[in-house]
Structure formats: C-alpha cells, structure tokens
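What follows is a set of structures to go through.
Here chain A shows up in two complexes: once beside chain B, once beside chain C.
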Partner chain A sequence: MSLLDIEDLAVTFPVEDGPDVPAVDGVDLQVAAGEIHGLVGESGSGKSVTARSIMRLLDGAEVSADRFDYRGEDLYAKSEAEMRRVRGDEIAMVFQDSLSALNPVMTVGEQIAEVVRHHGAVDESAGLLSELRRKYVTGTSKSAPSWRRAVDLLETVGIPDPEEVATTYPHQLSGGQRQRVMIASALGGDPSLIVADEPTTALDVTVEASILDELRRLCDEFDVAILLITHDLGVVAETCDSVTVMYSGSVMEHGRTDQLFENPAHPYTKGLLRSIPDGTATDGELTTIPGSAPEPAERPAGCPFRDRCPAAFDACTDPLPEHVVDAGHVARCHLYTDGDDPGEVSWETAANVDDETNGTVGDTETADRTTPTEVTDG
Partner chain B sequence: MSTHTTTTTEERPRELLQASNVKKHFPVGEGLFDRLFGDDRVVRAVDGVDLTVHAGETVGIVGESGSGKSTLGRTVSRLYDPTDGSIVFDNEHIETYSGRALRPIRRRVQYVFQDPLSALNPRKTVGESVARPLSVHDIASGEEKWERVADLFEEVGLSASQMNAYPHELSGGQRQRVGLCRALVTEPDLVVFDEPVSALDVTLQAQILNLVNRLQREFDLSYLLISHDLTVVRQVCDRIAVMYAGEIVERGSARDIFENPQHPYTRSLLDSIPQVGGGRKSDREPLGGQPPSATNPPNGCRFHPRCPEFIDGRCSGENPALQSIEGDGPAHEAACHWLDQSEGERATHTPPSRAEREVIRESSGG
Partner chain C sequence: MSTDYGESETRFGIRIDRFERLRETVAGDYKATFGLTTVVLFVLAAIFAPELAPYDPMAQDFALMQAPSLSSPHPLGTDSFGRDLLTRMMYGARISLGVSLGAVTIGAVVGVSLGVVAGYVGGWVDDALMRFVDVLWAFPWLLVAIMLVAVFGQGVWNVVAAIAFAYIDDFARLARGEVLSIREEEFVLAAKNVGLGDVQIMTEEVLPNAVAPLIVQFTVLVARAMLAESTLSFLGIGVKPTTPTWGALLGQGRSLIGQAWWISIVPGIAIVVTVLGINLFGDALRDAFDVRGEGGSP
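Take a look at the complex of A and B:
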C-alpha cells in the first residue's frame, strides 16, 4: 500500500468577480514508503498546489478528490486538531525560500528545538507558559534534551560545527546551510513523508549536488519518503525513484524514473526531455516546445497539451485516457488508445515553424495557434 | 553561435572588447564612522581579470554566486567604475570615461538583466520603455521611432499590439523578450546578458536561447553571457571563462572546458550538474566548504581550502598564474599548481582526505 494515495484531485480557487481558477484538475499521485518521488512540471503546472494540498495549507481553495489517503486514512476527514499532529509528526514540508521560511529573530537552534518539543520527540514541556518563558526570558537551555536533539539534527544533515551553528540566526548562514537547517527542522518531528518544494532551485550547482546527496542519504537511512517538487529533470533523473509529470493542472505521465527517462511515452514528456540543453545540438539550435502553457481559465477541453502538441488529432478533445505503457508506467495520451504504438512524434516540424515564422514564437498566451498536426514515423 | 568557433581559431577576428587586469573593489563601510575610524577593508569582487570578446563571438562567464561574474560584466560594460585595469572597447580606452563621454559607449554596449520585471518601469508601457533609448540617443523620433519599436517587437516574437501592455501584464518569457528589444533598439555591438534565462522554465529557456542565437546572426552582435548554468553556457558560447573568488581560474573554447577541464574547480562544477541519462551518481564527492570571504581571501590559490588535489606547502603559498594547456592550443588556459607536477609526482600524490582538508580550511581562515 502506498504511504500517500491521491486519486482524481481537483483544486479550484474561487475568484470574487470572475470565473473560478481550476489550478489542479484530475491528479493521481502515489508515494510509497521510503522512496523519493519526483513531481515535475513547468511553472503554473499545479505541482506546488498539489504539494500544499497534502499539508492542507490551501486556504480558501475548494479541494475535492476521490481518494486522499495517508496511511489509509483520509486526510480531509481529519479535524484541524488532528491535522496539526499530522503536520510535522507525519508529514513535514521544506520550502524553496529558506530565508522567508525561517524565523529571522530566532536562532536556528531554538527553531528546531521548538519543533522537537512540539512533536513530543523529547520529554520536555511544550506548554504555552513554558514556551513563553523560553521565548522571552531564558531561551532553551543548552543542556535541555530538545536543544541536544536540535544539535544532533544539524549534524545529521551535514552541518560542520553544529553546536556553533545552532546559536546563529538565519541571515548569518549561506543559502545551502539554511536549506540544511530547513531539512533538519523537518526531521524534528520524525516524519514519514517530507514534501520538499523546489528545495535546491535557488542554490548553486555544487551546493545543490550536496543537498540532493543528503536527501538521498536521509531517505535511505531514516526510511523517510520524500516528495520532491522540481522543474529540473536532471534533478529527478539523479535523485528520484519514481516520477510524476504534470502539465497545466493534470498528470501527463508517471512511472519509475528509469522507465520514464528511457522510454518516455507522452509527447509532452518527450518535448520536455528534448528542451534540455545537452551540448549535442552543434548547429546551435535547441529543440523546444513552441508556445506556452495555457492559463487555467483558458485551458482547452480534453488534453490541456493539445494546442502545443505536434501529434494532436481529433480524439484529443476527449477526456484524458490512462494508457499503461508498462507495469507501473502510465501515459495519459490519446495516441495510444487504439492499442498501437504511434512511433516517434516529430518535434522537428514544430521547431522549424517556430523559427521561421518568427512572428509567433510561442510564449504569447493570446497568440493564434496554427500548430501542425502531423505524426511522422521513425 | 557555435558557427563562429571555426573563425575564431583560423583568422583572428577584430577584438571588440579587451579588458586587462580589471579590478573592482567595494569598500565595506561607507558611513561617516567608518571613514573617521578607518575601516578600510574592501570586498575584492573582481581581482585582476583579463577578458577579451572578439567581434561576432559569444563569451560565457560561469561561476558560483559571489564569484564576481556579475560585477565583472557590469565593470567591463562600464556600469561600474573599475578600481584598476584598462578596458578597451573598439580601440578606445574607456576605463576613465564618465558622464557625456560614456554616452556613445552606452549606445553600443547594452545590458540584459535577469529579472526583466524589476528592470522595466512598471508605470510605463513596455513600448515606451523600449522606445526611450531612441530619444535619449537621438536615433529616431516621431513616427519612425514607433515603427522601429514595432518592427523589433515582431522580430523577437511579440505582436506590435503588445507595445501597449504594462510589464505586469506579460508572462516571464514575454518580459524577457521585451528586455531583448530594449537592448537591441540602439543597434549595439556588444550585448551583456546577466543570467538571461535563469528565471524561466526549460521549454521557455530553449525558446529564448534560440531567439538570442538567431538575433546574433541577423544583427551581427557580440555577446558576453553571464550564467551559473553550465548547460546553458555550453549551448551558446564559443569561449568560456570560469571564475572563482574574483579571479579567472580557467578559460578556453567551450569544447576545451567541457571535454578537457584542467582546473579542479572546473571539474567539480561539471560533476555537480544534475544530468538526465547519467543515472544516479552515488560515487561523486560533492565539493565541500564554501567560497572564501571576498574581504579576506585565503593566501596562495584561492581555491586551495576546498581543492581535492591540494599540494601541501605549494597551493597555500603562491597564487598560480594562468598557463596554456599543452596540446589544446593557446586559447585554453588554467591557473593551477597541479599542472606543473610531473607525471611521477601526480601518480604518487595523495591528496588530503576531507577531514584533513577541514583542518587546513580552519587554519587558513577560508
């Protein structure tokens, strides 16, 4: 059984004077215990909204799902008090911008110690009075179990000289160190699932590499599952066990990382993989997907990708099908509905049109779309 | 842009920009107190860099945040006054120019910023923002001005009607196209891009890079591209300079840097790139530590506290100079003591373990 099992999730943001914004529409997501699951997509694809829906952090949004189970229990049937136990104890979150996620006027040690006390990981009072006294008078004693635990956690996430770092404020640390502090703080409640929203996006590539190695190690050592939200397919390829690809509020394809990268089935996944500069395009021309993702309110019926898809045809206006490519590997694309392999989708046609007409190079949400609809074999 | 690779090696084209020994230091304290009590420490953001951009080529500058790459870009394009060194633009010494004398340079050297939302005036339509330099530099006025702007909008894949939009009404990719328009409207010779696609999704990145490539061919432009993203730099640059702590540690053609990196720092950077198709790199040792303080850089080679090839006594004593790499042509240079080691010395050299390096790092204050 999956640790987290979401079926047909829809999240809509009501807008006062205007049509509602359907941010996420029909998302299935399964995360198994102890795995790193990647959730990839471009900005606006709904990946962060999906992540926040797991923590029930979406104020004012209408969330509906056929199933929203964590360890077999419906998260959306829980009371706010029960949910507070789930957050931190069971599911913790790591945000992209560590500087705004950490409290600027508390030392990082205090912040982690507070998390540790609140989730009852140590035998120490976390009542209102004692917290107030700590906050305004004494601070956490350096010999208190929660402080010791905070220092241990900092050491666990690879911070040199944790005793010293625990007494510093967030602005005194580098971006990479702050992100490690965020991870240590997430581990404070001893969760089974960590939702990490673009944890390395703002970091240099060398620091990113070491943070990703750290996540991998924690996952193996502590048997914690990680839902890694990212826009970087390279990060997914190197870190994740399985992956879900989102586009414009819907899941396009999901499967094990090796399946998806070696045998991508959805034209969007293929296009995404081809857009990554790999140094092989010697004529200086990068292949890309022309156009840009539609606004949620202007999303076409059926497949949301059909306006940009070089292989789009009549059936694409129908609701997304589920095509099982391989065990555990699903592509939601109409190309496969008649059971045949459609062969290679030609991105060349699209790329050339993009270059030569030069007047309507994608990205213009309002632009008229004359996407060629050809499928060429081989 | 890679089409220029051959011409740069065969018939040396004209040098458009040539900077030698450029330094840019920022004072740490500028208040009255600091002036009176003499806090004369400086941040050595750029500390003695040589850089050449030939006509029609694209030069990339890569490095981690804080390496000084943006400061270098701003100094050679004279947005900053250099502390020391010479900057020659089209056979003209521009390092001491100021005010009016800089105006023709401003027209010929343009800058594209990473975040077009903060670079564009939020209360002006993007058309007005793009048209402004035409009036400032007396290039065109009236009908002709707007025609030129409209033509340029279409050239970069926007519609002329979008001239009336305000910056917040456009998407990130569209705003970056407007940023390109504003740089190109004065018909410059050199365009400096500071992280032009870092804020964009990968499919948009590819669209903008393709556009930037096409514009270079059409308008005969030279580019200086500053980026932390090595894959982007590899895709569009003819030559690359790798910066670390205010200095260039290695430079060469894009091919030299990616296929035959010599400096240990360049190698760690390349190893760190998350790659599709490479599988999981479990054996990679991530580069430990952090870039050194720019006010008090370590003695000797600035990379030595983090270097996996550290040679005791040598690397912490003397800062290595750039030297040519044998067999790779004169354009490929790296600054590393390791290159002086003979085959035998290299074979017997046991670099210090991570723990030992921690100790060295502590004692050298890096």
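Take a look at the complex of A and C:
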C-alpha cells in the first residue's frame, strides 16, 4: 500500500477580479514507503503546489481531491491540531532556498533541537515558557538531550565537525552545508515522508551530487520515503525509484524510473528525454520541445500538451485517458486508446514546424472543469 | 589593531548564549562599557540611596540655603530650602529611573504584544487592534495623566500608567511593521511545516527577528519618558512635590538659575548622562541580538 495516495487532485487559486487560476488539475500521485519518488515538470507545471498541498499550507487555495490519503487517512479530514502533529512528525519538508528557510537569528543547533523537542523525542520540556527562556536567555544547554540529538543529526547528514557547526548561524555556512542542516532538521521529527522541493537547484553540481547521495543513503538507512521535486531528469535517473511527470497542472506519465526511462510512452516524456544534452550535438544547438507551456487559465481542453505534441490528433480534445503501459507504468495519452502502439513519435517533424502554429494556444477553448467535492484549505 | 587567533575563534565560533555575546560586545566597545557603567552606577545609587546618601532628603539646613556646589559639607550644594542636593539626586534617581524604565517596559510589553499579533494574524484582527492603537495615539497623554490624577490622586503609579499609555502605539506600530515583513519569510513557512503553532511561531521565530529595532526604540523612549516624568512634575501632576525626582529638581532650580545654577544643572547633567548611557548600552544590546551584523558595529 502506498504511504501517500492522492487521486484526482485539483488546486485552484481564486482571483478576486478575474477567472480562477487552476494551478493543478487532475493529479494522481502515489508514494510508497521507503522509496524516493521523483516529481518532474517544468516551471509552472504545478509540482510545488502539489507538494505544498500535502502539508495543507496553501493559503487561499481551494483544494479538492477524490482521495488524499496518508497512511490510509484523509489528510484533509484532519483537524488543524491533528495536522500539526502530522507536520514534522510524519511529513517533513526541505526547501530549495536554505538561507531563507532557516531562521537567521538562531544557531542551526538551536533550530534542530527545537524540532527535536517539539517532536517529543527527548525527555525535555517544550512548553512555551521554557522555550522562551531558551530563545531569549539561556539557549539550549549543550548537555541537553535535544542538543545532543541535534549534533547527532548533523553528523548523520554528513557534516564534519558537527559540534562546532551546531553553534554557527545559517549565514556562516556554505549552501551545501545549509542544505544538509535543512535535511537534519527535517529528520529531527523522525518523519516517514520528506517532501524535498528542489533541494539541490540552488547548489552547484558537485555539491548537488553529494546531497543526492545523502538523500539516497538516508532513504535506505532510515526507511524514510522522499518525494523529490525537481525539473532535472538527470537527478531523477540518478536518485529516484519511481517518477511522476507533470505538465501544465496534470500528470502525463508515471511509473518506475527504469520503465519510464527505457520505455517512455507519452510524447511529452519522450520529448523531455530527447532534450537531455548527451554531448553529441555538434551544431551548438540544444534540442528543445518547440513552443511553451500554456498559462493555467488558457489551458486547452483535453490534453494540455496537444498544441505542442507532434502526434496530436482529433481525440486529444477529450479528457485524458489512462493507458497502462506496464505494471505500475501509466501514460495518460490518447495515442493508446485503440489498443495498439503507435510506434515512434516523430519529433523531427515537430521540430521543423514553425513556432507560430506550434506554440500558441490561440482561441482554444479552456477546459470546462467539473466541480469535484469541495475540500477547502484554511 | 592586530587580531590574534583567539579573537577570530570567538568571532565565528561558539556564540550560543546571548549574555555571552553581550559581554563580548560590551567588553570590546568603550562606548558600550561607558553606557553600561553609567547606568549600573546610577541604578546602584538609586537602590542604595538610604545607605549611601549623606543626609535625609527632607532635612533642611537653614544655615546653608542655596549653598554652592563643590562646597563642604554639601558636595553638590543645597537647594533653596537648604536640602542636600546629592541626597536628593540619589533619592530622585529612584523615581526617575524607576518611572521611566517601568513605564517604557510596560508600554513595550503591551505595545509589542498588540503589534506582533496584529501583524502576524492580519485581517480583521489587525484592523481592530491597530484602530485601538490609533485611539490610544489620538488621546493626548497629558490629558490621560490629568485624568488619572483627578480620579486616583497623585502617585508614582499614575505617572507610570500615563507614560506607558503614551508609548504603547510607538511599540505597536514598530512591531507590526517588522512582523509584516518577517511573516512572509520562508523560515516562518518552514516553522509551520514542522508543526509549530501560531503562538510559538510569533514568540519563538518571528519576534527574535524583530528585537533589534525594538531595543533601539526602547532606549530612545526611556530618554523621552524621563523628560515626560519631569514634565508631569513640573506641571504639578507628577509625584508629590516634596518627593525628589530629577525632573522636579530641574523645575525647582529653573527660577533660581541666575543665583544658584547648580540646582538645575546637576539634575540636567544626570538626565543627559543617563540617557546617553542607556542609548550606548542599547546599541550594544542590539548588536548582541543582531547576529547577522557580525563585527559590523561602527
């Protein structure tokens, strides 16, 4: 059974004067316990919104889903108090920009120790008054169990000299070290799922590789599942067990990483894989998918990718079907509806079509959205 | 100045305790040292006035009325009733320091609480609290003081209440402004993500980031409160006229400035030095809380 099981998630941001912005529409996402699941998509595809909807911290958004289960319990049916226990204790989050996601006026040890105490893993008061005394006057004692645990966690995430680093402030650390601190802090609540929102995007490649190795190791060692949000397929191939590909607020394809990379079924996935630079291009041109993603409010009916898809045909205006390519490998594409494999999609033709016809959304009808059962956040 | 290894060690090294940081800041900065020393001396003089003062503050020496400063046996001279000025200064420090620090502390606690809640919660709570603060602001504090005296009679607590009342809006507005920008920071979202509640986030995550400007505001207002207390004493709605306060002494000496300058100059200097001392110490306190401004003090 999946640890996290989301079915037909829709997140809409109401706009005061103007049409609502449907950031995410019809997303299915399953994360199994102890695996690293990649959520890939370009900017604006709704991957971060999807991730944040898991924490129920999307201010002013309308969230609805057919199913939004964590360990078989509906997250959106929980009270705010129950949800606070889920955050940190069950699901933790790692942010992209570690400098702004860490409190600048507290030492990193203090911040991790706070999470540890809040989680109740140590026998130490986390009451408001004792926390205030620590924050403003004494600081956490270095012999306190929560501080010891913070130092241990820093060591766990591969920080050399953790005792010393625990006493520094975020701005004194390098980007890579800060990101490790973020991960240590996420582990402070001993969660079963870590949502990592582009944790390595702000880092250079060598540091990125070591952080990803770290995530992989933590996943194996602590049996914690990680939902890794990224726009980098290379990261997915290297790190993830399974992957969900998103485009313009919808899921295009999902499956195990090996299935998806060896046998991509959706034209969008194929286009993405084709666009990874392999170092063989000699004319100095990088391969791209022509056109650009539609604005959420201008999304065409049916498949949102059809205006850029080289294999688009009449049926593409219909709602997305689900085609099971293989066990656990699903592509949501009309090409497979009649049962036979359409064979190789010709991307070369598409590349030659000029951008004018290919990229514009024009006056295509926007999808009529049915109103699913309402689950409103905040 | 040469920096040896030991110093650079502390610069980037172990800085857990704010008191530790404060001690370092004060020790490394002669202005802060001066400020702290002055304030501590005056506070000690106030606390131990009964033990240290050479005379009774009410005792009159009819032989030596308006005795000049630096004359024995009255080191700072006497006032027009022949009362020892040094003694009255020491007793006056109890009221002046007590009232100004007390009033600003109360104003800060109430104002910062209102401001932080208004800024953090926002919406109608923000509107309601800030309109309440507007009402406080629109109320002339002198009127409040007169009203309190009219209802409860003269007394130290009325003075404290009236001054505290006047400073609530300064703290509320400043705190709200700081919180409005801090609450949008990602570390607040991160704190929500580890399951901290709103009260914890306000007090433990947001407020520490707003402390630096609030400390500066505090020191500025302590100076103003000292003068406000003088104003009230001057108008005769402060503490009882016989009770010595710096402001009252200053006011009494005003008409005699031609004959006996020291009666007003001595309390005047005391007020200036205290205000300066509190401001310098406040700067050190702010530096101790502002971890990002590492070594950035001028």
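Definition applied: the second predicted complex is superposed on the first by the 350 of 378 C-alpha atoms of A that agree within 3 Å, B and C clash if a C-alpha of one lies under 4 Å from a C-alpha of the other, contacts with A are read in each partner's own complex, and residues count from 1 in each chain.
Quick note on the criterion: a contact is a pair of C-beta atoms (placed from the backbone, for glycine too) under 8 Å apart; a residue touches a chain by one contact, two chains touch by 3 or more.
These figures come from a predicted structure and were not determined experimentally.
In the superposition on chain A, no contact is made by A:Leu215 with either chain B or chain C. Shared-chain residue A:Ala92: touches chain C; no touch with chain B. In the superposition on chain A, A:Met55 contacts chain C only, with no contact to chain B.
When the shared chain is aligned, chain B comes close enough to touch A:Thr287, but chain C does not.
Once the two complexes are overlaid on the shared chain, A:Ala311 sits clear of chain B and of chain C alike. Once chain A of one complex is fitted onto chain A of the other, the partner contacts of A:Ser100 are limited to chain C, with no touch recorded for chain B. In the superposed model, more residues of chain A are touched by B than by the other of chain B and chain C.
In the superposed pair of complexes, A:Gly234 makes contact with chain B only, with no contact to chain C.
In the superposition on chain A, contact is made by A:Val137 with chain C only, not with chain B.
Looking at the shared chain after the overlay, A:His171 reaches chain C, while chain B stays out of its contact range.
Residues 12-19, 185-187, 189-197, 199-200, 203-205, 208-209, 211, 289-292 of chain C are the ones touching chain A in the complex.
Remark: chain A residues 55, 57, 84-89, 92-93, 95, 97, 100-107, 109-110, 114-115, 118, 128, 131-132, 135-140, 142, 164, 167-169, 171-172, 185, 188-189 touch chain C in the complex. By the touch rule above, chain B contacts chain A in their complex via residues 1-3, 64-65, 154-159, 162, 171-174, 177, 201-207, 209-211, 213-214, 228-232, 234-236, 258, 268-269, 271-282, 284, 286-288, 290, 358. Across the complex, chain A meets chain B through its residues 42-43, 160, 174-176, 204-210, 212-213, 216, 231-235, 237-239, 261, 271-273, 275-279, 281-290, 292, 354-355, 358-365, 367.
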